[in-house]
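As written, the chains take the letters A, B, C and D, and residue 1 is the first residue of each chain.
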Amino acid sequence: MKRVTLLVLLIAFVCAAGMLFASGAPTAEKEAKPAAVKEDVIKIGVLMNLTGPWASIDGPAWNSVQLAVKDINDAGGILGKKVDAICIDTKADEAETVSAAVRLCETENVNAVIGYCDTHWVLTAAPIVREYGIPFITPGATHPRIPERSGAWLACFSDAAQASIVAEYAYKEKGLRTVSVWIDNACDFSVACCAFFEDAFKHFGGKVVYEDYFETDWTDYSALVTRLKSRQNETDFVYVGAIPGNIGIIVKQIREGGITMPIYSEDGADTPLLAEVAGRHAEGVIITSHMTLESKEPNVVKYIKGYNAMHGKNPENAFAALGYDATMLVAEAIKKIGSAEPKKISAGLSLIKELKGVTGTISYPAGMQVPNKTVALLESKGGKFLLIKNAAPVYMPPKEIAK
Amino acid sequence: MLKVDGIDVHYGVIPAVRELSLSVDKGQVATLVGANGAGKTTTLKAIMGTLPAKRGTIRYKGEEITGVPADRRVGMGIALVPEGRQIFSRLTVGENLALGAYHRKDKEAIKKDREWIYTLFPVLRERINQLAGTLSGGEQQMLALGRGLMSHPELLMLDEPSLGLAPIVVVDIYEVIKEINRSGITVLLVEQNINMAMKISSYAYIMETGKIRTEGAPNEVMKRENIMKAYLGE
Amino acid sequence: MFDIRATFSKVDRRLMAVILIAVLFLCLWVASTAFSKYIVFIITLIGVYIVASASLNLTNGYTGLFSLGHAGFMAVGAYTSALLTFPVKGREIFVIPKLPMFLGGPEAAWPFLPALVMGGVFAAILAAVVGLPVLRLRGHYLSVASLGLMVLVTALAMNLRNLTRGSIGINSIPTYTNIWWAYGCAVVTVYVVWRVVNSSFGRAMKAIREDEIAARVQGINPLKYKLLAFTIGAFFAGIAGGLYAHISGAIRPYAFSFNLTFQIVIMVVLGGQGTISGPIVGTVLVTVLRYVLKPLEEALGVYGLVELIYALLLIITMLRKPEGIMGRKSGGPRGGRWVGSLGGKKS
Amino acid sequence: MIVLTPEYIIQQIFNGIVFGAMYALLALGMTVIYGILRLIHFAHGALITVGSFCFYLLFMVLGLPFPAAIVLVIGLGALMGLILDMVAYKKAVGGPEVSMLITSLGFYIFIENLMKLIVSPQPYAFQSPPFLDTIYSMPVLTFRTIDIFIIATSIAIMVFFTLFVKKTKMGVAMRATSESGEAARMVGINIGRVISISFIIASAIAAITGFMWGAKYGQIAYNMGFMAGVKAFVAIVIGGVGSIPGAMLGGFILGILETFSVAFLPPGYAAYRDGIVFFILILILIVKPSGILGQREVE
């Protein structure tokens, strides 16, 4: 009767697990704090894919949330209350995402949720959080249609803005007329950003020669490089919709394939990996981003120092800084409205004007959940990203372009 | 030379041999006969060590070898020519023979054995570079025998060497078995072809459903068997 | 000792099954009222995965086809049902195509059940069409071909952007799947699998698994039975996909890729292939384990700990009990640990 | 629109061969293990991750000279193989094939997540020694020394390995064991040793492939081995499970197919690459149900 024994053991295991849940997990943490004290804590729930393909983006954002929480608490908390953050790793899985969102709202009693640097996951989690009237702020998901689809707030500018800036710069200031676009087909952000870029570039008068596609997990781009080389006579420059995980490899392979045309990219390319992986080949790559780590602004310097002290390394990419600002947005909203009541935080967010964040000055125009922010145009030089200029877009591609 | 005492052997989860005892004397040709599924092959595998004996002991030249792994038993002088030959069909004839002497280091003696095998089976010399899988059934049996002999055994176990072969080839193979025995190698033979086997052996065991039913000199066993058949109508 | 199985066989098995189901639903009712939404969600999710693993068991466990393409069929079911049920007023914002006339016209959105069934039917049609050439393959060759089918489905989902919105996936799918839908489907799936394997049809399938040539000699047409098993399995995979789409509310092409396929295969093999209870036990274990360990992971700040422990337990279980937790050692040399593949396997 | 100039075609063929060479090396190790254990060794992919990070540590962090680092990487890879063999597979051998497959999947998940905890999920920049990083730009072909290194090394490994299994006693024993483990034991082959040696060789090859991967692409990450493992599995099946030349051929076919499905179709189809590749693979299997060089399986 081995099978029956096993079955009994199994049922016992499941029951035990159920009890553990029912008593409210994580038990240890909760029981340590009496209920009365809990009221004095502002709890921020964080949803990130710390495991899986997005780990290299979401991890730094979570690191920065931790730093922001520490900085806020060191400064005495918000409205006299301490801030606490709990992060659930959703492992790039939809079911995990939904269950984690439910858990944050149901059993963790969070006041606000910060989550994800990629659109799909925001759109998965945010509608659930919205049902509880809890605000959802995404540090780095740049799709402009996120608010209408899920009610989430963006801490970053939208893809439409950054694509317009880079298109204008290439066409007007560099005199580039024809472009080939490399789209990461497996990455929704890249697809959207490239669509905005093409629209903006055409708006300014440029011409898209051809589109080529790759997927995030590729490592060999030689076939695409060879194709680009065979058409370099008709192409002035290439726009690559890459994320931190592959921008370095792509730039390296383009240059090693003997192609010298300018390479442009977006905020996904804002990572030290570009210079580290591509080395000398990274020289002159132009990208748009949220900030530059070379900035001498005191708050940026302080942020980098703090990050280094806490995690033993410099911020990995732009999404790290956005994680910090997203947390600061929550804090500011609570301060503005004078309450940590979840439903009121949303109202507080809409009051935010001219908040000086690490990634620039943030204000939400009336009725908008995408902030007005300047876009930083950067150039990779000597292993660093140097600021060309901060600019606001003159032309905004219609957000309907992106699916 | 070989003494098996009360072994139980399982094949997968099925018990195939129960409390089996037998012994083979030096220089003998002993035969183990029985119907399909009686457990003959399992017995040989247990002696070889490719199947473990769950109970009982196996002694070889006075030494207990029950727990010794198969590959070390080869070095002690036990060889098995398995049922269905099991030559390495994707290897050449030469490689098959060389593998027979896998554990041996004495180059000169290996060469001598190889020459001896070529005189026993001249056809193998002709086919030395051919893939073993392309040989005819009879040639494959010769190769299997040759591979077994290459390990320089003192006890050679043959599992149904006549299986699936033309009668004329069977006669040849049996001539060789006799020849091998004459050169001083003890032989334990498993056969369904009782008549052939009884002719060359000096002792016989009859197996039935995992047990020894009867044993003795071949003539007597045959006689008893005939009586039993008459009685039981088998 | 009290022998449960002996008692089982005395009582009418059908009655027993009815009682079991009644008890199950009673437990579910208690759970759905007593526990928080979070736990209810996990219980529901387990039900969805049971539909997937029980149906995979039909092909992998009972018919001996080691298919790795299950996630592909789930994708078909998920996309079909999601597109059919998507509310009309949301289609504008989410850029989801309106339904063509023969599916009800632009002003229509399907109710859940017909959409779910439609997803299953589409998956089954795909399985039948692809199965005809592919099921002639055996062993690993079939595994790779079915894996290829899954990659093809993913590639299509990624690129037919006007239909599927590509890599961004479809979000805000109405979350119809609740505990009753999930376990209703699970009970139907397990019942169908049970009926199939205990019919003459199932005996033919098992004969093919044990020895295809011998089965053919007995007049069984292996392709026919393989195709039927594959198609039924795919149908329920489509249902599982539909349930998944409507519980998570969001799908994307990569959700139905290597991870999901391997996860479901692991559930089936861990529980024990070719048994009714195996996939259920495997599914419950794997899912519960993940969620039980999560708070530990967060408390220690070691993200990835769940996977480490999970992998470790998986390895240990497979080494100790290679036939799976509920699996029975098969007789004969092939299932035996000692001889097994190192033994007389000829290839 | 595609411009089919001779240079374009030559360059694309070259791209495919370099890419395929690495798949071929991985598939080689995997097929050896499969032949002997009937085990689809998914964790093989994890060994290229381990190999590349070992080289990173030895060469870039500790600053060892290149030859020493390479030798150590090969040694560590071999050691990893031995450890895997000892802790796990010795016990798994002989179980049903699926449970061995799940075991190896379990090992993959374990190693990947352990790597993630050790090195963090961030990708690492991988600097190859300068002499492997020189670009040669010719009218017909643009390549780097690493490309030549990859082709030369993989051909050398394949030749050596073929000679090893053909000419040495251990190699012949390996082939014999892969045909029938039981018969191999009957002729006195110590199967445990054969298995260990296959693991050592296969893992050493995987480790050096990890170095090549890093040197060619310049970036390594904790999860780089998964797709490589899956692709190696696909390659050995296409070539014919258990066949050593088949695995190498399968690897090259896969690499070339991946390149060609991008190169010789209009740009928009690049997004379908994996779909196209697998579609062609299914077609190959339908025409040759036992892989290109595989024997028909007899049940």
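By definition in this document, contacts are C-beta pairs under 8 Å (C-beta built on N, C-alpha and C of every residue); 3 or more make two chains touch, one makes a residue touch a chain.
Here the structure is a predicted model, which means the values were calculated and not measured.
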Contact-richer chain pair (by C-beta pairs counted) among C-D and A-D: C-D
Reference chain A; chain at largest CA-centroid distance: B
Centroid spacing, where centroids are CA-atom means, of chain A and chain B in whole angstrom: 72
Separation of mean Cα positions, chain D and chain C [Å, integer]: 31
Separation of mean Cα positions, chain C and chain B [Å, integer]: 50
Computed distance of Cα centres, chain D from chain A, in Å: 35
Where chain A touches two or more other chains, by residue: 50-51, 185
For chain C, residues that touch 2 or more chains besides their own: 158-159, 304, 307, 334-336, 338-339, 343-344
Overlap residues in chain B, where contacts from two or more other chains coincide: 50, 86
Residues of chain D defined as touching chain C within the complex: 37-38, 40, 88, 91-103, 105-107, 109-110, 112-114, 116-117, 179-182, 191, 226, 230, 233-234, 237-238, 241-242, 271-276, 278-279, 281-282, 285-286, 289-291, 295, 297-299
Residues on chain D engaged by chain B in the complex (per definition of touch): 169, 172-173, 175-176, 179-180, 182-191, 295
Chain D partner contacts - residues on chain A that touch it in the complex: 50-51, 53, 55-56, 59, 183, 185, 210-215, 217, 219-220, 222-224, 226-227, 229-231, 244-245, 248-249, 252-253, 256-258, 273, 276-279, 316
Residue numbers on chain C that touch chain A, as the complex places them: 1, 3-5, 34-39, 41-42, 45, 93-95, 158-159, 161, 165-169, 171-172, 244, 247-255, 259, 277, 281, 284-285, 288, 290-292, 294-299, 303-304, 306-307, 325-326, 328
Residue ranges of chain A in contact with chain C within the complex: 1, 3-4, 6-7, 10, 13-14, 17-18, 20-22, 25-29, 50-51, 86-89, 91, 93-99, 102-103, 106-107, 119-120, 123-124, 127-128, 143, 145, 148-150, 185-188, 191-192, 403
